[in-house]
């Protein structure tokens, strides 16, 4: 399952860069065109590292399982269905990043919504791993509720990012970027076998 | 062979999402454009989980083989040639999902036809595995006919889905979606080593 | 190296299907558009199975090596540079398949040329494996010349396919298709460790 | 981690070939169109082998590590974020290769800049491997400074390539091509465990 998931993560993260396009040499200075394209580059950066973080945490979580069952395979597919939608949500957010009206908010909600779906699927995978005997080094029953809450923090955070879309799409992107930065630089496992969600 | 097949499944499932495109910010409200695009999202969802199910069952089947021969490699290529065509069939179905005329039916037949080709190739792989000594835990000879029929149920089901195209492309998509849902939620192996086809 | 090569083969074989596109529902009957697109489907089929065959033979050859050296890695890259160009050559051939003039011939020469480059790189890999101690089960020195000639038959065959381009692009495609069919159905290793080239 | 990185390298190197496009049969002789497209083919060749070299050296470096830590995973993501941007930088350079003005220089700086970012990330990975106990067969402390300098030579070379952009985009491409050629044909490890950077 890891090989397939790795493949999907790798293709999705690389397809992100298909959005990086500037017109041909007919339409003015390349430098200004690149500057004008900053939303595309900013959205690319945030999405690239978000997919990267999920991939890192995905490995950390599945390394704690010796085997998987069929429901786990389908929960993993659910997660991947959101991962695969990230390039689409990213392009749309970049396209509408200068839109201060309703469409800008819609683009932000779409982006944060895909991230939320991904985050919730990942929490479902964790919960299913806890309930069955798939997850080794699982915390004792009395600590599981706390572990799930800690794991599911990302799902709450992306709800906040979704609310930021009311301010505008730039706020959504900054929120998602800060969240990604937090996971890269700050979020450390609290205990052996404690995998950060997202 | 698994790595290559996993790669093809992963790329095909991710390329599906390339169909998810909305126009730039010039052409009206993003919300209405997303609503208007429901055929694309619906077709994406059905095809994503169909490819996912084939991948799950593909692994389950090849895990029952210790080695493969050259004919098996080429039968696997035949299967993958249909998997790789799914994004094309999906876009075409989505493009014509509102077409209640002949072209809508053609799009439905094309979609169900690609699924049928995939399903038949998968059954051929199973039959070849049974006939040679490649498949471990193969049922005894007197039960093989029944096993092939049970495995090949998906091929019959996709013929029914193809007939649904006469009603219209939406019926095709609903049929394929129900079939995928059945395989995710209901279809359980009847015996150890009993792999569901599709 | 296998994982990377498998990935490149998998992506290249799947990108082939990106050429499969029909216009939206505005421009006439889907059935006629699909019929009109036969060059695209024919070229897709031939290229799909050609890449598939190279992949099968690539594995068979590298399974005979316990390790690789740096020149072998770069020879493999040379091979992959042609594999990756196959989707481009395929689209171009399909675009010009109805062109009976010079451009049709050019498209055929381009297609056969990419195949020839691939075939020659593959022969170089075999020769380098023979000359160094990388290839296990290598034939004794006095039989090596014959082994290289037998391995390099595909390079000669693709020269013939290139000459067929003078007749027209359809002749090129038919030639390449027959060659692929020959490798799938007829070409069997003459001896243990005898890998067919292409 | 290798599987994911291999996947990203494989997809990025194959996406390069998506730039290889000639117009349909309506617009003049295919032969002249192919000739006219030489910038695309030249840029494709240089970028293909540059990604190939990084992949070869990436494997050589990570084969010297028994395990990786989280910072290493994120440094690897940083490297991959530049690898994934290479197809974009390549298309842009090809589009502006005939532009002798400011935009041509911008395209050259962009291309060399992406390569520089890749080279610097790769050096950071080497330095992090040296500082922690991740890199086995690491040189003794007094030789590490020299090893880092030797490893980081590519970063200096790409700065020179960036300066060549002042001459024009063709000079950038030729410089990058010569650098790739040097790494393929000349650069040999100075010592066991001495991995060439780029």
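Chains: A, B, C and D, in written order; residue numbering restarts at 1 for each.
Here is the rule we use: a residue touches a chain if its C-beta (ideal position, glycine included) is under 8 Å from a C-beta of that chain, and two chains touch if they have at least 3 such contacts.
Computed from a predicted structure; not experimentally measured.
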{"item": "Label of the chain whose CA centroid is most distant from the centroid of chain C", "value": "A"}
{"item": "Homomeric contact chain B-chain C: same or different residue positions, threshold half", "value": "different"}
{"item": "Centre-to-centre distance between chain D and chain B (centres being mean Cα positions), rounded to whole Å", "value": "38"}
{"item": "Centroid distance [mean C-alpha coordinates] between chain D and chain A, Å", "value": "27"}
{"item": "Of all residues in chain C, the ones touching two or more other chains", "value": "3, 6-7, 10-11, 15"}
{"item": "Chain A - residues contacting chain B, complex", "value": "1, 3-4, 6-8, 10-12, 15, 70, 73-74, 77, 80-81, 84-85, 87-88, 91-92, 95-96, 98-99, 102-103, 106-107, 110"}
{"item": "Touching residues on chain B, where the partner in the complex is chain A", "value": "2-3, 6-7, 9-11, 13-18, 20-22, 24-25, 29-31, 34, 45, 48-49, 52, 55-56, 59, 184"}
